[in-house]
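Notes to accompany the following structure.
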Amino acid sequence: MSQSFRVGIVGISGYGGGEALRLCATHPNFKVVYAAGESSAGSRLGDRYPALSGDLADLVIQKFDVDALPDLDVLFASLPTGESKPLLARVPAKTRIVDIGGDHRYVDGWTYGLSDVWPDRIRTATRIANPGCYPAATLTALAPLLAAKLIEPANIVVDAKSGVSGAGRGGGDSKFGFAEVNEDFAAYGLLKHTHMPEISATIKTIAGTESGLVFTPHLLPMTRGILATIYARSTSGATTEQCLAAARAFYEGRTFVRIGSAAPHTKWASGSNFAFLSYFADPTRNLVIALSAIDNLGKGAAGQAVQNANLMLGLPESAGLSNLPVWP
Amino acid sequence: MSQSFRVGIVGISGYGGGEALRLCATHPNFKVVYAAGESSAGSRLGDRYPALSGDLADLVIQKFDVDALPDLDVLFASLPTGESKPLLARVPAKTRIVDIGGDHRYVDGWTYGLSDVWPDRIRTATRIANPGCYPAATLTALAPLLAAKLIEPANIVVDAKSGVSGAGRGGGDSKFGFAEVNEDFAAYGLLKHTHMPEISATIKTIAGTESGLVFTPHLLPMTRGILATIYARSTSGATTEQCLAAARAFYEGRTFVRIGSAAPHTKWASGSNFAFLSYFADPTRNLVIALSAIDNLGKGAAGQAVQNANLMLGLPESAGLSNLPVWP
Amino acid sequence: MSQSFRVGIVGISGYGGGEALRLCATHPNFKVVYAAGESSAGSRLGDRYPALSGDLADLVIQKFDVDALPDLDVLFASLPTGESKPLLARVPAKTRIVDIGGDHRYVDGWTYGLSDVWPDRIRTATRIANPGCYPAATLTALAPLLAAKLIEPANIVVDAKSGVSGAGRGGGDSKFGFAEVNEDFAAYGLLKHTHMPEISATIKTIAGTESGLVFTPHLLPMTRGILATIYARSTSGATTEQCLAAARAFYEGRTFVRIGSAAPHTKWASGSNFAFLSYFADPTRNLVIALSAIDNLGKGAAGQAVQNANLMLGLPESAGLSNLPVWP
Amino acid sequence: MSQSFRVGIVGISGYGGGEALRLCATHPNFKVVYAAGESSAGSRLGDRYPALSGDLADLVIQKFDVDALPDLDVLFASLPTGESKPLLARVPAKTRIVDIGGDHRYVDGWTYGLSDVWPDRIRTATRIANPGCYPAATLTALAPLLAAKLIEPANIVVDAKSGVSGAGRGGGDSKFGFAEVNEDFAAYGLLKHTHMPEISATIKTIAGTESGLVFTPHLLPMTRGILATIYARSTSGATTEQCLAAARAFYEGRTFVRIGSAAPHTKWASGSNFAFLSYFADPTRNLVIALSAIDNLGKGAAGQAVQNANLMLGLPESAGLSNLPVWP
């Protein structure tokens, strides 16, 4: 008989928490017994997510009270930046945590959950800092090239584009309203985006030396999806085939990373935990272009979080994540 | 030499006010000398609308203070529901007003500004209540049929669909956010939408008898555009050709109403003041379907407002409105 | 140990066939052993659907040759209108067929697969004509009201709106291109849409008398989703609660039909086989408005097809269909 | 009295030709007397563009026969690649030509129509090769930096993103269909896009030395708009302010180029001929990021074409182009 783990989700009102709920609700080894959310507290889950049924639909959303948590095997936390540190510190040690929010990335005692790069570290962890959506897309593409020393860590330009759900739900700013986002495209956070240190730190961890990173995020007129277009300098004229081969070797046996010779589309990943990678090199110019397409709520947030939980709990890493992307 | 009128716009931060500004800025007879807005007060107009230049870009947005208005020939007001009555009552009589908001529709002393139906009434008015966006689409299509007594006023179903800009800008509710509106469609306000009395009252005015109206609005995943699909019962087996002929006769010489035998697309009207109408009848069933496509910010708000101002000021009614729709 | 059935899919290049593949690929009791498609013949499935892996990715798409079919338990056919009758007639009797296309609806020897209305008929069938997408949305909402004789069959207006994937993939007409569909909305097929006879025939089957149907389809600027807004005349002043109660009773125990008091959103159903229904009545006017939201490729095509196959094969009807909708 | 020029448009069925028609139809000095198009020949213009009226609506679209042209002052040509050279060679010398298509860029006897960079060259020309949409966006941003020698021509990465209308209308490939483009984003033409030589050649013209260019185009899920995000190496630690100042000086007095310190949005330019530029520099890394937002059918095609025609004809360069962008 299959194992069953008791799961809690904090931040259920947001898009990341909602996606965690969607995945956990049909996970063969998970039973969601606790859901907390600020703006939706007091509602039944079924009132917020009308496709739910049975006990799960009747579960009432709580205000998050860390001292009144039920007995949980795993807690998924998707809290606003700055709020989770003091709260999650008081969660009992036996409850594994995946923090989908950004507060515990590169914090002592927390393992950085880049699940396809460091699955073994995650298997033995109990506190996971889930990567940010942009870092997940970027680092999944860069890791094989850095590990194989095919590119210089000191010279990387990441031109990244994200769907609007990456900005979170709470906002309510008209700049994320349909009327203004539709038929619009722009860069933002030039030279100062919050995800840059996380990417830089991970590049340094993989490559062993400091990175020189330029990171420019853009807002796409779409709901889900990130494409990172990455320009790097190859160390010694790497070819397209060498880059693809390095990625295939690096991710051999990994379920959720797909490497191909065609430029990936974000829609290939929609609703799933997949990352699609491709590489294009011009060895005469020492140029490598790496492309990475993910669903920002999947591999970029809740999908990766469930994969991390699976690894921590000794489950098959694809448990509850086997659905194929929705296309078109 | 062409006449020049001094124009003020109140509610410049919203989509309706912004569209009024866009149209007035290039109107050959208008000079915008005053702009007021709640959330944008203190900004230069050029900071909010980066395509503006010259004096207009440097005009500083004010908090609306009705007692400190400059000398104006026309004031366009686009204020939140419920706020405009006491304020606009204090605007000097010599300043013509077009209230784009809903507070003065069917109020004594204010002329209902259905410009293509009652241009002569508007020419002699000084206070115009601009029709709501749904009523503008609906009534423009119904008026010829009602006037010609081709349909029964007592049996009209209006299934109307609007782009998101019709919900206004302030909102900031995630339900109008791109992530939730994109790839979604739903009805709202079933059996109780706020525009129903305005439509009913106008039908009664035209037809002379009470209307029996069902009005169902829907939210479209697009920024601009309204399509009204209207089901009516014909009085005596009207044909498609009779309906089209009635509309062509009713709107003869009117610049902004176009009647054709093809089902109209909202995109035909995008960015313009046009209304596109068509009619399909099944005389064997006494059925008439009327279709009306407009830009909710054009004929449904600011376009109609400028047309009304032109009529009041004795200008050609298409002054400042001659731009063609943007397609695709 | 779970049963395994050998599955074939014809029309894999189109959206309906592709969605059938997506669902069958992760169905716990299905093994896809045959895929045929006109425009994609010769490709590996994995080249067309990059998230596939293993044997399924390596399956080569065939030109459909009905005389060279492998041994199959079920065949899903999604062929262009007019092509399937002679071909499917030669499929061996032991191979169950679900025809997602329109050629066998109301044809002798074929069972109309409105799975939530007539599950028992389908359990004993071997040839299923899957409902069209508009009929699926419309009839699922109307059936309870007609069965309970709450509304008059003779007086029904269906104002239906569909995402673009409902128009199929082959087209390639610029009128379905992104540039022209985005920011556009229009009705089409006024008074003559191809789905009308199918809806009328089914209403007659349920109600026992002829229907008087007006059906107006519209094209939405979105990929997936249908909303049907249905106006009917109640026989004796039905209330909202009576309509909701009738629907709840009619669909008791049915997994995929959800009835609620809020107007349903198409996005609630996206990527799933659910139908969301609601009803709003004004008994003083004998008016009932029924609303139905589905994914046109789910309950409107491949989802319903898999549900029908499950019923024919004696499987739980939700096998392979338990994924929750993707939101937002 | 204002001058009036006789205008012809070839390629009226496409998006570029249609936009030229839209602009010419309300141009105060233009009278469109000839329209030709392959797929729409035989139709009235008013049947294709339902907002047109009067004589222009009644003009019948011709098959393009260069030997049967009426007397024209200007011809706008928007023909498929490869078709225009032999045909346009036979247009009478007195008829000025703006070739919106790509065949005459960097061809002897044709002036490259980068109107805001080289207006004086264009004033004396009679044959203009209008820039491609990506080059227009890219070069307008780069020209001031190259002219002021603030950046190295040898080290430029252009990450460009375009709306779908840039792919033209004829296509009909489902990859440009709404169902596949919506909620999708991808790069294409990696390391080999057709616009690269045009950009390289122009950089060389301005800078005097060979360029080292990486150009990656992407397809945006929107109809109109291009954003180019350009990464360059500064020669000696240029600051943001130095870049902005160089651009302001370079474009002083130019109507259609707007320089600001905020990252520009494509929607700022929608439906207009404006280009919005901004610059962000990190002098400690010799990094300059240039951003350019245009409407690909405006400054990227027909808007620039009309501006070029105005310059050739001695008209004010903004004649017929004074409409403000449509927002939101």
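Lettered A, B, C and D in written order, each chain numbered from 1.
Going forward, contacts are C-beta pairs under 8 Å (C-beta built on N, C-alpha and C of every residue); 3 or more make two chains touch, one makes a residue touch a chain.
Bear in mind that the values here come from a model prediction, so they are computed numbers and not experimental data.
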{"item": "Both-way neighbours, i.e. chains that touch chain B and touch chain A", "value": "C, D"}
{"item": "Farthest-lying chain, centroid of Cα atoms versus that of chain C", "value": "D"}
{"item": "Centre distance in Å when chain A and chain C are each reduced to the mean of their C-alpha atoms", "value": "34"}
{"item": "Where chain B and chain C are represented by their mean Cα positions, the distance between them in whole Å", "value": "39"}
{"item": "Between chain D and chain C, distance of the C-alpha-averaged centres to the nearest whole Å", "value": "45"}
{"item": "For chain B, residues contacting two or more additional chains", "value": "15, 163, 165, 179, 182-183, 221-224, 264, 270, 328"}
{"item": "Residues on chain C engaged by chain D in the complex (per definition of touch)", "value": "15, 163-165, 169-174, 176-179, 181-183, 221-223"}
{"item": "Sites on chain C touched by chain B in the complex", "value": "157, 159, 161, 163, 179-180, 182-188, 190-191, 212, 214, 216, 218, 220-225, 227, 229, 231, 263-267, 270, 280, 282, 285, 287, 289, 291, 293, 328"}
{"item": "Residue ranges of chain C in contact with chain A within the complex", "value": "15, 18, 22, 25-26, 49-53, 165, 182-183, 223-224, 255, 258, 260, 262, 264, 268-272, 274, 276, 322-328"}
